[in-house]
Amino acid sequence: MLARELKGEEAEVITEEEAEEAISAFRKVRGKRDKVHDAELKVYSEIAESLFEVRLMKVVEGKRLDSSFDSWIQEVVTKMREFYVNLLTGGYVTKGNKVLCHVKTEVAHGGISLKPGDYLLTPAKTALYLWLQDLVEPARSS
Amino acid sequence: MLTVKYKALKRLVRAKKKKVDVIDDGITIDLGHEEVKLIKGSQAEIPIWLTEILEQEGYVSPSPISIEEISKYLYQEKQNSTVPGSLVQLPWDFYMRAKATLSELTKGKSIQEVERLNKISYMINEVVRIRLRKIIQLASLNVGDQTILSKLTPEENLIFLELKKNLEIINGDIGGNTIG
Amino acid sequence: MENFLRDPVPEEASKQLSAIYSERQTCLKGPFDPDFLIFSSLISKYFKGDIGVSFKEPCPLRAERRENGNYLVYKDAEYYLGPSSFSSLLPLTLDDLVPILSGISSDLILRRRKLTEWERKVLNNAERLNLKVEKSLRLPGYNEVPLFLSIYYSLDPFIPEISGNRENSLKLVREIGGNEFTKLGDLDEAQLNSLIFRLISSISRLNPKVTRDDLIEERFFFGNFDFLELGFLSIFLMDLYGYPGLFRLASEPSYPSEMVVVYRETLSRGLTLSLQDSKDYYLVETSLPSPTLLYLIAKQLGKIKVEKPVVAKVGDKLIPSRYFSR
Amino acid sequence: MLARELKGEEAEVITEEEAEEAISAFRKVRGKRDKVHDAELKVYSEIAESLFEVRLMKVVEGKRLDSSFDSWIQEVVTKMREFYVNLLTGGYVTKGNKVLCHVKTEVAHGGISLKPGDYLLTPAKTALYLWLQDLVEPARSS
Amino acid sequence: MLTVKYKALKRLVRAKKKKVDVIDDGITIDLGHEEVKLIKGSQAEIPIWLTEILEQEGYVSPSPISIEEISKYLYQEKQNSTVPGSLVQLPWDFYMRAKATLSELTKGKSIQEVERLNKISYMINEVVRIRLRKIIQLASLNVGDQTILSKLTPEENLIFLELKKNLEIINGDIGGNTIG
Amino acid sequence: MENFLRDPVPEEASKQLSAIYSERQTCLKGPFDPDFLIFSSLISKYFKGDIGVSFKEPCPLRAERRENGNYLVYKDAEYYLGPSSFSSLLPLTLDDLVPILSGISSDLILRRRKLTEWERKVLNNAERLNLKVEKSLRLPGYNEVPLFLSIYYSLDPFIPEISGNRENSLKLVREIGGNEFTKLGDLDEAQLNSLIFRLISSISRLNPKVTRDDLIEERFFFGNFDFLELGFLSIFLMDLYGYPGLFRLASEPSYPSEMVVVYRETLSRGLTLSLQDSKDYYLVETSLPSPTLLYLIAKQLGKIKVEKPVVAKVGDKLIPSRYFSR
């Protein structure tokens, strides 16, 4: 997969099935813990890591992963980018490093449980994570 | 991007297969997607990372790069050192083997060994220097000729593509294709 | 019933509030109105950890409006406040004075009540922060804008055919001898009396019991801000931006003055309102996108017969207010 | 900030204070909606977007953002990378595209509320998001 | 990475300031971090994105690139077209202005206008081509001389740095510094 | 009390289960034991949406063990199961047979009970999936491994001084005329009787009432798997990997056979156990990292006087089991 990925400019499509095939092959390797299989696992873990990095870079450069098993990389990058821009250009209602969020779905965060329509003031990081899950929507300042 | 891609490539080539001579009793290894069988006296195609382990254990023989081999490439490369298209075909694992050979040699302590190390190291540098110059020229001339490109090692190929892409970005923006 | 026996204890409630800041995370519950929204914004502003503001879920700190008055409930302790606003319970600082004034004023307007003893004490205390007090006409922003605009902007009292009508407002000022630059402070005694007479006669067509005392009251100013106008502004922001609007009012220093400009600009578009009685709500075609302010006006005009929500229709857009969904 | 960022190989430190300064300047701009300020906002939103992209790339290349206001980019990338590697090399307990997660903190997810020690089987994407929040830990297969 | 950095640079330069001639009645614009005052007949330093708006509105005069200007640079550049260090100093906003001028000219319909467009377009391409070649050579020679580098526009500087970095990665790995 | 009057209705419970798959998301609650862990894993395996497995929180579907037996509760409906295992309620398919057998078997072992009528019916049904039945010795894996290993691996019955002791196990087999390769099936009638006699006399030192009938029972095999051994394996996995271990047993086709290998390897290290009575638990120094299996053995050895958790100590590492925290 990484070989394909390095050749092309576009991000390759990696289907759920291909991913599952790889996963079950590696499960077998993980079952046998010895010098050779540990080395094999290390080699392929590094390859998987690079596959991730190359694909993430491509996503940042604007390539799409729509039908791949890892299309969430794209979702994360897109939302992080939007969040970053709005945060830094004053597009969100903030106080210090906290962001005011509009609750969209019932959410229990720490000891606080909130219903749709409620609000939560929480550090930018948490606001992003909750937004990634579509539980909240950062409040717009305009 | 190159940093990341280059790292990726270095990792990837370790999973590529190469032929090795099996020098000790056969064993069978189940790698998950395939089985590797080693039969003494025969040749086997196994991934590079596995050769490294099997070399240590004495199952297969290592394949270091010799001064003669490098000399040959260096000589050929120098023949037409200013003609970009004159790249010599290197084995795809040339740089990896070169690196392995050098790191093996650094373990040596005797004067002969140190001299040998210096000589090989110098020659490899020369090969790299000349080839890189040619590759940069190929990239800036926007060459796409497959017969030339097939002479590049995977590392060189990556650099070539990346250079070419970068030059295209700039050319496309401030150069001829500005309009529209 | 038993609550009738109790005296309001806002001081105690006010003291209890500081306990909340030692929590690692918390949430506040209360009604969707400007007073509670400002109250919870000001607490959120200083709270260290994560803090939620809920209108439905039970929370450790609750602001409740019951039939016999307001209550602050913190865990098991319950404090009776009488009609005093929640915002008035917060510590008075220079930074927070504008939002606190906004909260109190909005509550006076929405509940059509006078200051409580406690609130009066709070405002007296605020004098050391340079809050100015004067006895004068209940017209918004008269220190800042020409008199005809003050009359034009007046929503409570709403002066029929004059408030929201630029020509008629200016005509009125001209009739008592002023012009478009005249400020309230420029009027002499005779002109002032004549103005008050005209206002009363205008209002009394709807409300025959109106007197001079209804129009003249203690008026509070802080810098460029008019206590009365801040009340309107808070209601306006609640309808326009919801909680985030009032959170910004409470936490961004330059926001209130920016929003006063926006608020006045909106009113400057003139105010026409045609009210239709729908099954579940009153529909008001208008240029003012604030159903709660429209409700306030319609109520003065005697057009609200049954208590139900007002929905504004600005152009093609229907604008409801969450205020009515309490 | 972006100018600094483009010059250096390392990721520049952008403190909370610097970020807040930028934010409040942009708030003012957002207050005035006219042709000039809309254009200004667009220019700077694009710059903020590029700042994000360049910094994200640097993080992928291994640079650190520790003391910057946006250090969460690093956290997200690090965790995504680990998640990706484990997912693809069979390091997690999975079923189809779902990952089995060990609940670490009380969590209400959708209609399900769970306590520490409980388990949740949920799509990889959600597993990642919950893990980013430290609410769950994907179950290891070895 | 270059794709992203190049995009970033293009965006960034639009926030850079340049001097313009104010040709209409003064106005004052509050940009949030600063105020811009325009007084008729004077010069003002304002960000490029703002000049674009103000040019349209007739407040300030545009500064298109003339055939004479390009000719001058092209001539100088050709003088020593094979000597990398001979780069001519270009104004930092050269490419931006070139782009603006070209896109302005494409609106023209008359034969003269089209001819003018083709001519300018050709000349700009030539400048780019020659300079890029020199820059690639500078990068592969690993030049760090500030007086030469200061002659690059921001776009060129970015390319130069990126090329140099990419070459260093490869050299560092398979070239001389292999050991260790 | 009233429940005594009821008959178990596992069929109905089994039918009810299919309703769960139409939920968008759900959670299951039950006790932390291999039967429930496998039961919930098998449901999770086929469930489309997000699914939680909880040991504390109320859930729409609950597996409950009460004093008078097991109950399946789905929303408002409650189904009495008698002692039948939860795993036995699931639809029998080729894919799920191994985990279902594991769940049932683990429950038989842990509760020291015989098959219920319902479970016997389930196993009879499984014969069309090629489940083999034979009447034979209750020694694990005797079709797969040499007899001496079967004896060596036997934990229930635990044969004092023989189980977990390689030399003694082999010695026993040699004494009846076998060797290290002899399988149970290789024994002739006389050898078999002699073996049974030896086992009984060994066990009867602890449990004088033991008879031939306790050692010979209906034995089930599926492919390479022994029903009895699957039960031990499930308990082992529960202690070693918790829920994820049994989830994999239920959902990864190659996992059970891989784990049988791991399980046997672990037992091959030999089994020594020295039990210490601590205040809150029994501490067992051992090579077997499964407190629940150790509990089972210690109980047979009569060493568990009071019901309290067993904690294994393997090397320096203390290993508790969540099984005891129910």
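Miscellaneous remarks
Here the chain labels run A, B, C, D, E and F in written order, and each chain numbers its own residues starting at 1.
Note that contacts are C-beta pairs under 8 Å (C-beta built on N, C-alpha and C of every residue); 3 or more make two chains touch, one makes a residue touch a chain.
The structure presented is a predicted model; accordingly, all values stated were derived computationally and were not measured.
For chain B, the chain with the farthest CA centroid is C. By C-beta contact pairs, the most connected chain pair is A-D. Farthest chain from chain E, judged by C-alpha centroids: F. Averaged C-alpha coordinates give centres for chain E and chain F that are 77 Å from one another.
Between chain D and chain E, the centres computed from C-alpha atoms are 35 Å apart.
Taken residue by residue, chain D touches two or more other chains at 25-29, 44, 49, 51, 53, 57, 60-61, 110, 113, 126, 141, whereas all remaining positions touch fewer.
Chain contacts: chain E has residues 1, 3-4, 165 touching two or more partner chains. Taken together, the touching pairs give a contact graph of some other shape, not a line, ring, star or complete one.
Going by the touch rule set out above, the chain pairs that meet are A-B, A-C, A-D, A-E, A-F, B-D, B-E, C-D, D-E, D-F. Residue ranges of chain B in contact with chain E, taken from their complex: 1-4, 6, 10, 95, 98-99, 102-103, 106, 121, 124-125, 128-129, 132-133, 136, 140, 155, 159, 162-163, 165-167, 169-171, 173-176, 178-179. For chain C in complex with chain D, the touching residues are 252, 254, 258.
Of all residues in chain A, only 57, 60-62 touch chain E in the complex they form. Interface residues of chain E facing chain D in the complex, by the touch rule stated above, are 1, 4-5, 7-9, 11-12, 14-15, 29-33, 47, 49-50, 52-53, 158, 165. By the touch criterion stated above, chain D contacts chain F in their complex at residues 93, 95, 100, 102-103, 109-115, 117-123, 126, 139-141.
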